[in-house]
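Two complexes, one shared chain (chain A), two partners (chain B, chain C).
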Partner chain A sequence: MNMERIKPHLPWLTLVLLVALVGIANPTFLNPAGLIVLASDVVPLFIMALGMTFAIYIGGIDLSVQQLANLVTVIATVFLMSFGIWVAVLCILAGALFGAVSGFVTTRLYVPSFVSTLALGFVALSGAKWLSGQRALHMDAEQRDATFGWVFERTLGIPNELLIAAGLLAACWFLQSRTTFGRSLKAVGAGELAAVASGLNVDRIKILAFALCGALAAISGLIFSVKLSGGDANLANGFLLLAIVAVLVGGTPLTGGVGGVLNTAIGTLIVMVIRAAMVYLEVDATQQQMIFGIVLIIAIALTIDRSKLKIVK
Partner chain B sequence: MYELINVDKRFPGVHALKAVDFKVNRGEIVGLVGENGAGKSTLMKVIYGSYQPDGGDITIDGTKVRFQNPRQAMDHGIGMVFQEQSLITNLTVMENIFLGFEQQFVSFGVINWRKMADAARAQLAKVKLDIDPSTKTSQLSFAQRQLVELAKVLTLEERIDGDLVILLDEPTSVLASEEVELLFQIVRDLTSRASFIFVSHRMEEVLELSDRIYVMKDGEVVDVVEHDKADKESIQHKMVGREVDKEYYREQKQKPYDGDRVLLSVDGLGFAGRFADVSFDLHAGEVLCLVGTEGSGREAILRTVFGIDRPDTGSVTVKDQKITRFSAQNGVTMGIGYLPRERKVEGIVAGMNVYENMTLSQMGNYASAGILRIGEERALAEDQVARLSIKTPDIFKDCGGLSGGNQQKVVLAKWRSGGSEILLMDHPTRGLDIGAKEDVYDMIREMSDEGVGIILVADTLEEAIGLSHNIIVLKDGEVQKRFTGAPGSKPSLYDLVHHMI
Partner chain C sequence: MQGFMTRETLLKWAPVLVLIFLLLVFPIFEMTNAWAKGKEHIYLLDSRFLSIRNLARIAISATPALMVALGVTFIILMGSIDLSMEGTVSVTAVGFAYAFLWLGGTLASWAWLAIPLALLIGAAIGLINGIVHVKLRIPSFMASLAMGFVGTGFALLLTGGDRVRVEDPLFRALLTVRWMNFPIMVYVAAAFLLLMWFIQTRTKLGRNFYAVGGGEELAAASGLNVNRVRILGFMLAGICYGMGGLMAVGKIGIAETVTGANFMFISITAVVVGGTALWGGIGGVLNTLVGVLIVFVINNGMVVIGLPSYIQSAVLGILVIVAVVLSTDRRSVSFVK
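Right after this comes the complex of A and B.
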């Protein structure tokens, strides 16, 4: 057994190990009802990570997703009254458009995605501050319940929120593994130059990947906003690091081409378990990001494909 | 003095060096020859410390040594003159010579440039190069840069105790013949200061310069020949392990092409700094070879015709349709296939399996409304694997794990099954073993029979002559001469070389 053979299985092994460890230390953790609540809590994060997967799968990254989600919480709260359910469409379109702009800047203006999305993230943040007037906005409770109340109901005992996440996961998995678009994403991530030489429109594929990432970040922001019944420019803060951690510990390396959305599902569950464990171990909330920062570095160091990187700057 | 004993090196799937014994005596020039993939570069990397051997010993004057990196090898007197020159072109000559060793000229934290210039001049004198050490390296000719590189390595002489061994990796590949002579004279003179290991694919040069010649094949040293007993034919024989004859390039299978069917017409094509005013027609069933030295514009022409690069002037017409938008995407749509030189980077996608690679350029044919018909893709791959006898355990195997020859077959299968009638092949046999090369030659003949037009940049001149109907000789991006080559009346090597340099 060598490392290369074990590597693809590391994520789920890690998950099983972590669940077992936390379960032994604290048997109440394994209570199904509690687990469902925990899982529902990470749904917005999961959807954001799902989008992030596409950006990382092609070998890029999208650092704007958190700010984009912030912006969407504000948009959703401001326009819920006038648009009703259509506010969802508005949010998703805004997210997709924003992601497409990131893709455009990256591919056509040759700005590396980590800089282009970082910069555009500040644009989104600023937009959110401007639109919200720097205040925490609240949704009209009645309107919220009438339009989005169903999200928090249960079907056959399972929260609809989880079903939405599962539905999106299935759709993304289908897109990734059964469509020409998904195949193109893999080709761009695993061997961009060969993809170009095979006649693929690599720029368009990348722009679409970032658009998809933006759309999913918007859905994430929307659900989070509805969940907290409000919006402000800092609401989704803290999501970015966790979303990247979820993708990477799931086994999609920064170099792209390997892994995918199912890996991200596992990665998100790992994040969930670590977060739960920190609560049991009474790790101070202020220290959690510290832990995740370290986890992120370990995950990158373990997953990255060094043969693809000649120089790291 | 410097000796490798029983050195072994393995990479995943490849036994690159098999129990290699190698020895360099003081003041000796040792030649190293072998085909692409014979293990020359791996051996060199072991010698200068870039690779660590898996087995065997490296000794200097009988003492065992182990290098973790090239710097440690340098400290033991092993220097390397790189083929892709390692000088930094925006630095001056003296900065390059003492790169990383400036400390000796520093006083109070400031570099004493005059002192460095004097020291550089002393180094340049060793290689008889009379230039101002404060010249920017980019202003030098290739030959001069080669000598600067050599001078840089010779600084080891002052820096370390003990003997020097200097590796010269294809030092003549970009030099004109009189420059080669000059370099050889310098190297001979320098044997009082150092031993040399000379690696080249130009057999005549190795024969001329070396005291002893190591012949490598498939990771083994198959023979060590003394200078006096060296004979080109027999060395070549040992390198390939068989006679190179007309059969080899399938000349008997070469049939006349269809002169009435023009597939591709290139007219006055030019790309600033690469090539200018190139015109030719490619006919159905024709193999057209572009011949020239490295940088003569061969590859650039292929890339432009395919569409990856955009020309500045001239036009490309494919089947009576003039190309207006140059992109690889458009090239593929027009029925052009491209076998790039960098097979592992541009040819196949490592990380994708056999059938995914085969349909990459033609996913539209295997999808309805964007949803892939994976069953059909697999059927295609099974069929092609059987037809081209691609050696792979199954079609789900990662293409990056296949051998070079089989990767090349996958790329060929991709274009052929996609219906490409024009194939641009850039060094299709580079790094393949003999058997795989012969497979590629067979495939080229089969494609010609089916009416495919092929533009080929061959790995060797012999290959170009053997395979082609027509040859265009290029020099500095300009067409020098055209040859036709029906079997039996092919141009000779010397006919071509004469126009190349």
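Right after this comes the complex of A and C.
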């Protein structure tokens, strides 16, 4: 067995190792019902990370997702009454539009995505503050249950939330691995100049990738909003860095072209296990953040595939 | 002979032009606001925005962020990125405050040792950061992001969530004593900026940052120990974050876990707005000074002219894009990531 063949499998091996370690230390962690609850709690983060994967896969990054999700929680809360279930469409369109504008600014105005998405995140934050009147808004409980109550029900014992996440993962995987668009994403990520030279419309591909990222961030915000039954310009704060971490730990490098959405699913689970483990192992609250960082360095050191990185920037 | 106003000179000075434009445009809004209320107002002369008092206010609020942004400038010059500043600033601030109180609690005693100690802590964190990045071959984005979590976590562990107050009048003189209308901390920041400018332009290390950022393979092939330059860069950045932590404590007199919060995006934004390219090799600490001033002038100006607070972040976002667009040479860039 040589090292080259093991490398692509390192992320899920790390996940199994982590689960085993925590399970040995505290067997109650392995209780399936508990694991399902843990997994459904992490669904909004996962969907956001799923979108982030596309931005990173093409070699960019999207720092606006957290503010987009914030904006969407407000949009969903404000327009739930008048739009009903169609508010979901409105939210996703808003997310896709913001993402597309990020893509446009990046490709046509030559502003690096790190800056353009950060700046558009500020714009989304303003939108959220304006629309919410800078207050925490609450959904009408009856309307919420009538429209989105099904999200929290279970089908065959599995929370519908998890099924939504699985459905989105399947759709994104299909898009990434089985369509021309997916292949061209890989081409752009692996070598943008070569992609241009072979006649791909790189600008359009990138704009679409950012739009996709925005749309998924919106779905994540929508689920978060329905979960907490409200909206507020700061509701999703703290998600951005975790979403990036989930993508990177899963094995999609910032340079793009390698990895993908399945890696992100594993990465999100790794983040979830590390966080949950600290609760199960009764780590003191003041130590959790530090231990999270240290375990993260170890996890990243274990999972990233360096063979394709000539220079480590 | 080349003309004075070539494309290159224009692009080079674009951030300065943006800054001057902003300094002149906010008073126009002030003037029209005053006219709308039927008051007399002479452009620039009656401006509250351009008053010494307000300029001092801008300088004070920009000082800690400038220290942090100077540090990350060197990292970005090398084509890397450092996201550990929030954690490092918190740890140095809290470490300084505890050491300061333990050693006597006033600058007139041995407690002054807490100041070099804070810079040492910053350098040590930078060293770990650099070693994790270089030796474990983890891209700086991830290594420093994780180190940032460790830093914030360590600060939380030290304080247990409490605030540490530093009330020594001698240390607080950084803010309270003014020379020519500006508090001492502004002069300290200017001296530190000068030192960083010296390192950037007059030392081998400074030139090496550009060599690594301009073409790492070439630099390595010409015999440069790139890994050593990288680790030294992260240590230097750590020292800058330590200065940022000291200034932040000097400004509000409190050290806590959230002292470092919000420094990450503001400092990187400022560096980029100042004209230092994220792909490395272009820019420098003077660009960063201009960038930091642009960001804080915008923030302050919007408050002075009375823009509703919810619009302010959007205006900042759009102006950031405009500033970057103006200072990017589209001819020399084939694509951006």
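The criterion applied here is as follows: the second predicted complex is superposed on the first by the 274 of 313 C-alpha atoms of A that agree within 3 Å, B and C clash if a C-alpha of one lies under 4 Å from a C-alpha of the other, contacts with A are read in each partner's own complex, and residues count from 1 in each chain.
The rule we apply is simple: a residue touches a chain if its C-beta (ideal position, glycine included) is under 8 Å from a C-beta of that chain, and two chains touch if they have at least 3 such contacts.
Only a predicted model underlies this, so the values are computations on that prediction, with no experimental measurement involved.
J.: Which holds for A:T303: it touches chain B only (first), chain C only (second), both, or neither?
T.: Neither partner.
J.: As a test of reading the superposition: which chain, chain B or chain C, is in touch with more residues of chain A?
T.: Comparing chain B with chain C, the partner touching more chain A residues is C.
J.: Kindly classify A:L193 by the partners it touches after superposition: chain B alone (first), chain C alone (second), both, or neither?
T.: both
J.: Let me test your reading of the model: by the given contact rule, A:I244 touches which partner, first (chain B), second (chain C), both or neither?
T.: So A:I244 only meets chain C here.
J.: Identify the partner contact of A:N70: answer first if only chain B is touched, second if only chain C is, both if each is, neither if none is.
T.: neither
J.: A:T264 in the overlay: touching chain B, chain C, both, or neither? Say first, second, both or neither.
T.: Neither partner.
J.: I'd like to know which partner A:L254 touches here: chain B for first, chain C for second, both or neither.
T.: second
J.: In the overlay, answer first, second, both or neither for which of chain B and chain C A:Q134 touches.
T.: A:Q134 contacts chain C only, not chain B.
J.: Enumerate the residues of chain A that count as touching chain B in its complex and touching chain C in the other.
T.: 193, 196
J.: Give every residue of chain A touching chain B within the complex, in rising order.
T.: Those in contact with chain B are residues 178-181, 183-184, 186-187, 189-191, 193-201, 257-258.
J.: Which residues of chain A touch chain C once you look at their complex with the stated criterion?
T.: Counting only chain A, the residues touching chain C are 59-60, 63, 105-107, 109-116, 118-123, 125-127, 129-130, 134, 192-193, 196, 202, 241, 244-245, 248, 253-256, 286-294, 296-297, 300-301, 304, 306, 309-313.
J.: Along chain C, where are the residues that touch chain A in the complex?
T.: Chain C residues touching chain A: 78-81, 87, 132-134, 136-143, 145-154, 156-157, 160-161, 216-217, 265, 268-269, 272, 278-280, 309-318, 320-321, 324-325, 328, 330, 333-337.
J.: For the complex, give me every residue of chain B touching chain A.
T.: Per the stated touch rule, the residues are 306, 308, 328-333, 338, 340, 342, 345-352, 356, 360-361, 363-364, 367, 370-372, 374, 414.
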